[in-house]
Amino acid sequence: MSNLFNYIVQGTAITIGVTLVALPFGLILGLLMALVHTYGGKIFNRIAAAYSLLLRGVPPIVLLFILYFILSGSINLSPFWAGSISLGIVSSAYQMEILRGALLAVGGGQMTAARAVGMSRLQAIQFIILPQALRLAIPPWSNEASIVLKDSSLVYALGVPEILRRAQQLSATTQQPFLAYGAAAVIYFVLVFAVNRGLDYLSERTKLPTHS
Amino acid sequence: MSDFYAFFIRFLPDLLKGAGITLLLTAQGLIAGFVLGLLATLARTYGSKFWRGLAVGYIEVFRGTPLLVQLFLIYYGLPGLGITLSRELSAFLALGLNSGAYQAEYLRGSILAIGDSQMMAGRSIGLSRWQTIWYVILPQALRLAIPAWSNEPVSLLKSTAVVFLIAVPELMAKAKAIAARTYDPIGSYLAVAVIYLAIVYILDAFLRWLERVSRIPGFETEGKRA
Amino acid sequence: MTHPILEARNLTKIYGQNVIFKDITLEVKEGETIVIIGPSGTGKSTLLRCINLLTPNDGGQVFLDGKEITARGYDQDEVRQHIGMVFQNFLLFNHLTAFDNVMIGLTKVRKMAKDRAREKAMEELNRVGLADRADHYPGQLSGGQQQRVAIARALAMDPRVMLFDEPTSALDPELIGEVLGVMEKLARDRMTMLVVTHEMGFAREVADRIVFMEKGSIVEEGSPDDLFYHPKYERTREFLWKITELYGKKEKGKAAAP
């Protein structure tokens, strides 16, 4: 019994691993694209907009397959890495939209004020805009984080031995499909719950003080 | 580029058949999800403790786990309990239940926004609770929910792609079949991506029209004034 | 004769079809306090933003200490260290305490050493009377306090000129006084100031010169006495006295009506 338990736990580690690769990758790429869209010139704005529309208009699993075949064709990447990076690229489009919204919410006034004290645009973005935008982005971002966690199950289709793949194997060996897939569901539920709670806490901690 | 074009044209009929199934799945899931979502929200907002608990449980479980896991649980897991469902029915249930949980959240937001004051107004002229809900609150809440809700059809459309993993012959399944025949996975999936983009574009345009047409004059979420 | 510390020559600004202002020429001598008045929407704010290069102009030049800052290739960021600006809606950096708001320009832009910067920031906060609120965030301060911090932030850069864009227009009436008080003190300390405002009392008591702008050009300029009691144009008289009535300013020992 403990062997089975171990087996599933190892799958959990892989699922978490996929999420921990995809999410930060998506954040960096998404942040870059959001900045390019908001502060780049007209041409970059259009390119970024196209990036967002294309990646968000296609089902993640389709993109996963396309990117996986491209990535593993050119560089020799394992399904884990190819899948995780692909998920990261998909997520970057959604994160870009979230960050764009946050940048907009910070407002042009902050940029004006920063430039009025002599900061360059880059300095203003780094010291004034981003610190505020990232705070504002936490609630919608935590939604995206749990989406990426759930979408990590898609790498099942690439053969990566994450929770779902293992549940399937378990269901074959134990002939208890309901328990096996039920266990998978429970594990995911706990993970998503933990992520949401954790990010809610972060959101509370980084709130800016107002009149008491 | 012209290779791709030729490829695309050659398989178009096949792909369109798959697209048809995809659209069917989306429509079914959307309607089922709407009914479930509405019931869940009503139960949650106006129901007794029992119904509330049930509704919250449903919503948390189906939003807190991946669609793929839900799908497998229904298609592969239920037979373990003696309940065997066809792949089409399993896909329908999974998509409907999943969508319902998300739609419940959209509706909840707008019902809460309309809620209390309109309930008071309705009851003050003698309408019963359920009459107020049916004639006063829902008509407003549903209209108000449209902008946020319009994310759901597109999201659902994209979700349907995973059901190819239980061999439902929708668009993605066709792509896989073509990839196997032509040994050109990238081409096949790109072709499918193009079709999804086209459908999403049309759907999106339709939804924006719907948003425009259903606005209650003078009454918008952002509180714009004339 | 020393040349003016700030000079605008033939400044023009156009938005699409609208001419916001045309051929504005203005001279500000060191230590002067100039108040610009006029109906809303006549481009007074835009004029200030063209002067500190936040908004590009469509014609004309701006000179600071005799150097043309509108010349091509001039380092605009550097120029803005020498022209301070205070905005109508304060625009404090929301994620920083009052103290950090004042300090950030010193450390990041002027690259000052941290302890020197801290000293100076404290000095400026003291100057506007808010040393005891140094660790408060903008969200915890009243409008008047926020605006005073904004003034301290601009002053910390040791600007040659201070621009004020309707600094009290967004404030509750009872908070206006504390901000005008700080501005008055600055004027007495001979800071060169260019102020756009509707506060006629301030204009009359503190300004060395008043400039009346309407429909994109300067109608008249002169000392407060000149403009209030010997205006050259009927329109000037009309505007000044209407505003004075509106703001209920009482005349000390002089008739309240024209």
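Note that the chains are named A, B and C in the order they appear, and that numbering of residues resets to 1 at the start of each chain.
Just so it is clear, a residue touches a chain if its C-beta (ideal position, glycine included) is under 8 Å from a C-beta of that chain, and two chains touch if they have at least 3 such contacts.
Keep in mind that this is a model prediction, so the values were computed, not measured.
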Chain closest to the middle, measuring from C-alpha centroids that were averaged per chain: A
Chain-chain pair with the highest tally of contacting C-beta pairs: A-B
CA centroid of chain B to CA centroid of chain C, Å: 55
Chain centre separation (chain A, chain C; CA means) in Å: 46
Separation of mean Cα positions, chain B and chain A [Å, integer]: 22
Where chain B touches two or more other chains at once, by residue number: none
Of all residues in chain A, those that touch chain C in their complex: 109-110, 112-120, 123, 127-128, 131-132, 135, 208-212
Residue ranges of chain C in contact with chain A within the complex: 52, 54, 77-81, 84-85, 87, 89, 91-95, 104-105, 108-110, 136-137, 139-140, 153-154, 157
Chain B residues touching chain A - in the complex, by the definition given at the top: 60-61, 64-70, 72-73, 76-81, 157-162, 165, 172, 175, 185-186, 189-190, 192-193, 196-197, 200-201
Touch list for chain A against partner chain B, complex: 54, 57-63, 65-66, 69-70, 73, 146, 150-154, 156-157, 163-164, 167-168, 171, 175-182, 184-185, 188-189, 192-193
